[in-house]
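Next come two complexes, and both contain subunit A; in the first it sits with subunit B, in the second with subunit C.
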Partner chain A sequence: MKISIEKSEARFLLRLADTSTILGQRLAEMCSRGPILEEDIALSNISLDLFGRAEELYKLICTIENASYSPDDLVFRRNEREYFNLKLVEQPNDDFAWVIARQFMHDIYAKAVFSQLVNSKNSELAGLAAKVLKEIKYSYIHSKDWMERLGLGTEESNTRLQRAVDHLMKYVEEIFMFDAVDQENLADCALIHTTWENDFNQTLAACNLVRKPVMPLTMRDYRDGFHSEHLGTMLSVMQYLPRAYPDAKW
Partner chain B sequence: MDTGDKVWEVFVQKKGGQPFKHAGSCHGYDKKMAIQNARDLYTRRGEGRALWVVPADAIVSVPFDEEDAYFDPGDDKVYRHATFYKIPDGVNYL
Partner chain C sequence: MVNPEHTAQIWSILEQVPDPEIPIINLVELGVIREVEILNDQNDLKITITPTYTGCPAKKLFEDLILEKLHENGYPKVEIISKLNPAWTTEWLSEKTKEKLMKEGISPPTIGDRIVQCPLCKSENTKMVSAFGSTPCQSLYTCNECKEPFNYFKCH
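Presenting the complex of A and B:
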């Protein structure tokens, strides 16, 4: 299926929607694998919030593009190179520390982005952003809390969280390489970057973690549909059923 | 920081002004984790606007094996209910 998305606003929202979908899917993979029952449910709740957010964003995109495709088509009938999520959120659930570090890095970013979208000229988007912001604030409380618990917990928990942060830092730089589409749709891109840096650095320091320099990378931008090795296998699982049985109904 | 898993009893208030009702229990290592876990377990579907968590060991209950001694003597004493009075005419709310 050929899905083309042309308008600047739709292209911008697709990045947010895909980021929500992929992170939601990663958290859904944690269902029944949380460290304790309560945390298992907490992660599933956040996953559902992300899917709900993605669906609303996809609907907005379909409206803006006056599209013949549906949100389901966008999720299940696009290939890896047609996905525009942050590479950060497709990183696997290696252990619980990875889940938490990835979530925290995402949450400070998402909080900064949606705080600006609350003032969008598109009233539907502004309304959605206000609702979404409440969800993100809770998710942020939750992920920051676990950063502290793991960072200040035992030697083992600190080591694991540090390892997760070290790995995930590679995927942070691209988040702030804003392009024209970002500039057109966000009031203040630079503010998103500084807010993120401040919060992240303060939290690392408070949690007894260090930020190591990242080697220069040759990875290409998620905005052009480039990904790490993980997205393809993820999509093949996520899209298997509707691809194999295109007329399946439930 | 507290260490060690504990059980907490969860109370949910549906709206301001209403009583808190026992909803169930949850695990948590400390107050902060307990209240977040309670939120995720018991208020996902708009069940309430306020939450209490109480360490389960802070709640005192009648020992199960003394249930008879505590409660049976109250069963056959209907006269302890104030139902033997004649309500005077004109009293609407009693």
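Presenting the complex of A and C:
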């Protein structure tokens, strides 16, 4: 199935929707693997929020594009190069510190983005953003809390979180390489970047973590559908059933 | 002309649709059902709903349960429209609904989650065990006085 999305607003929302879907799927992989029961429930809850957010965004996209495809088609019938999620969120769950660092980096970004979308001219998007902001608050408190616990915990937990931050930092730069589509749909792109930097740097400092220089980016932009090697294998697992049994209903 | 009694009658039918997760309250009390419109002066209905939480697994079930109840009551043609604006908020829960939740053992939402009362002994000396609970709308708490573990309905 060839799905083409043309309108600027729909293309912009697709980035947010895909980022939600892929992070949701990564967190779903943690189900039954949380370090304690409450944490397992927390990660599954956040995963559910992300899938719900993605679904509502895909519905908006279908409306804007007056589409013949459905939100399910968007999730299950597109290939790697047709996905437009941040590379950050497709990175695997190497260990719990990675899950937390990735989540925190995402949450401060998502919080800044949806804070601007509450004033969208598209009233349905504005309503969704208002809802999403309340949900992100819980995820943000959760990931920030764990940043502190791991960063200020033991030598081992600090080492692992530092390692996760060091690795994931290389996927951060592209988040702020805003293009025309971003500019058209966000009130203030620069503010998203500065908000992110402030929150991130303050948190690192408070958690006894350091920000190391990152090698210049050699990967191409997620906005053009370029990804790390992890997205393909992830999609093959996620899309297996609907691809093998295209008419399956559940 | 739409007969207001007819509209009221449909609302009372909808009040018979329980929340699938918290059956003590119905979907009207929960604030999920926003508008009822009678089309063409006939028995065709348009129902506007607002999702509580974007990731609520009961989202689809809400629609199925509404359709089922209206079909049972002689309304075969029902269109359900989902509206995101204004966003659903726990402020739409009435005091009466909050009392019902309390009786069911679920501490109702308070502004800013500041005062969380134990549904068993009514103490406000409680602590959060986990911000995330058995459903997306609830957190896990424990009472410091009577030690009762309970769910708290998050303020949204």
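Keep in mind that, in the parts below, the second predicted complex is superposed on the first by the 250 of 250 C-alpha atoms of A that agree within 3 Å, B and C clash if a C-alpha of one lies under 4 Å from a C-alpha of the other, contacts with A are read in each partner's own complex, and residues count from 1 in each chain.
To be clear about the criterion, a contact is a pair of C-beta atoms (placed from the backbone, for glycine too) under 8 Å apart; a residue touches a chain by one contact, two chains touch by 3 or more.
Please read these numbers as outputs of a predicted model, since none were measured by experiment.
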| item | value |
| --- | --- |
| Room on subunit A for both subunit B and subunit C (clash or fit) | clash |
| Which of subunit B and subunit C A:L152 touches, first, second, both or neither | first |
| First, second, both or neither for A:K134, with subunit B first and subunit C second | second |
| First, second, both or neither for A:H142, with subunit B first and subunit C second | both |
| Contacts of A:L191 with subunit B and subunit C, given as first, second, both or neither | neither |
| Chain touching more of subunit A, residue-wise (subunit B, subunit C) | C |
| Which superposed partner A:D49 touches (first subunit B, second subunit C, both, neither) | second |
| Selected from 20-28, 38-46, 56-64 or 146-154: the stretch of subunit C that, after superposition, runs into subunit B | 146-154 |
| Set of subunit A residues, in rising order, touched by both subunit B and subunit C | 38-39, 41-42, 45, 141-142 |
| Subunit A-touching residues of subunit C, taken from the complex the two chains share | 51, 53-57, 59, 82-88, 129-134, 136, 140, 154, 156 |
| Touching residues (chain side subunit B, partner subunit A) in the complex | 1, 5, 26-29, 32-33, 36-37, 40-41, 44 |
| In the complex, subunit A residues that touch subunit B | 36-39, 41-42, 45, 141-142, 145, 149, 152 |
| For the subunit A and subunit C complex, residues of the former touching the latter | 38-39, 41-42, 44-46, 48-53, 55-56, 59, 123-128, 130-132, 134-135, 138, 141-142 |
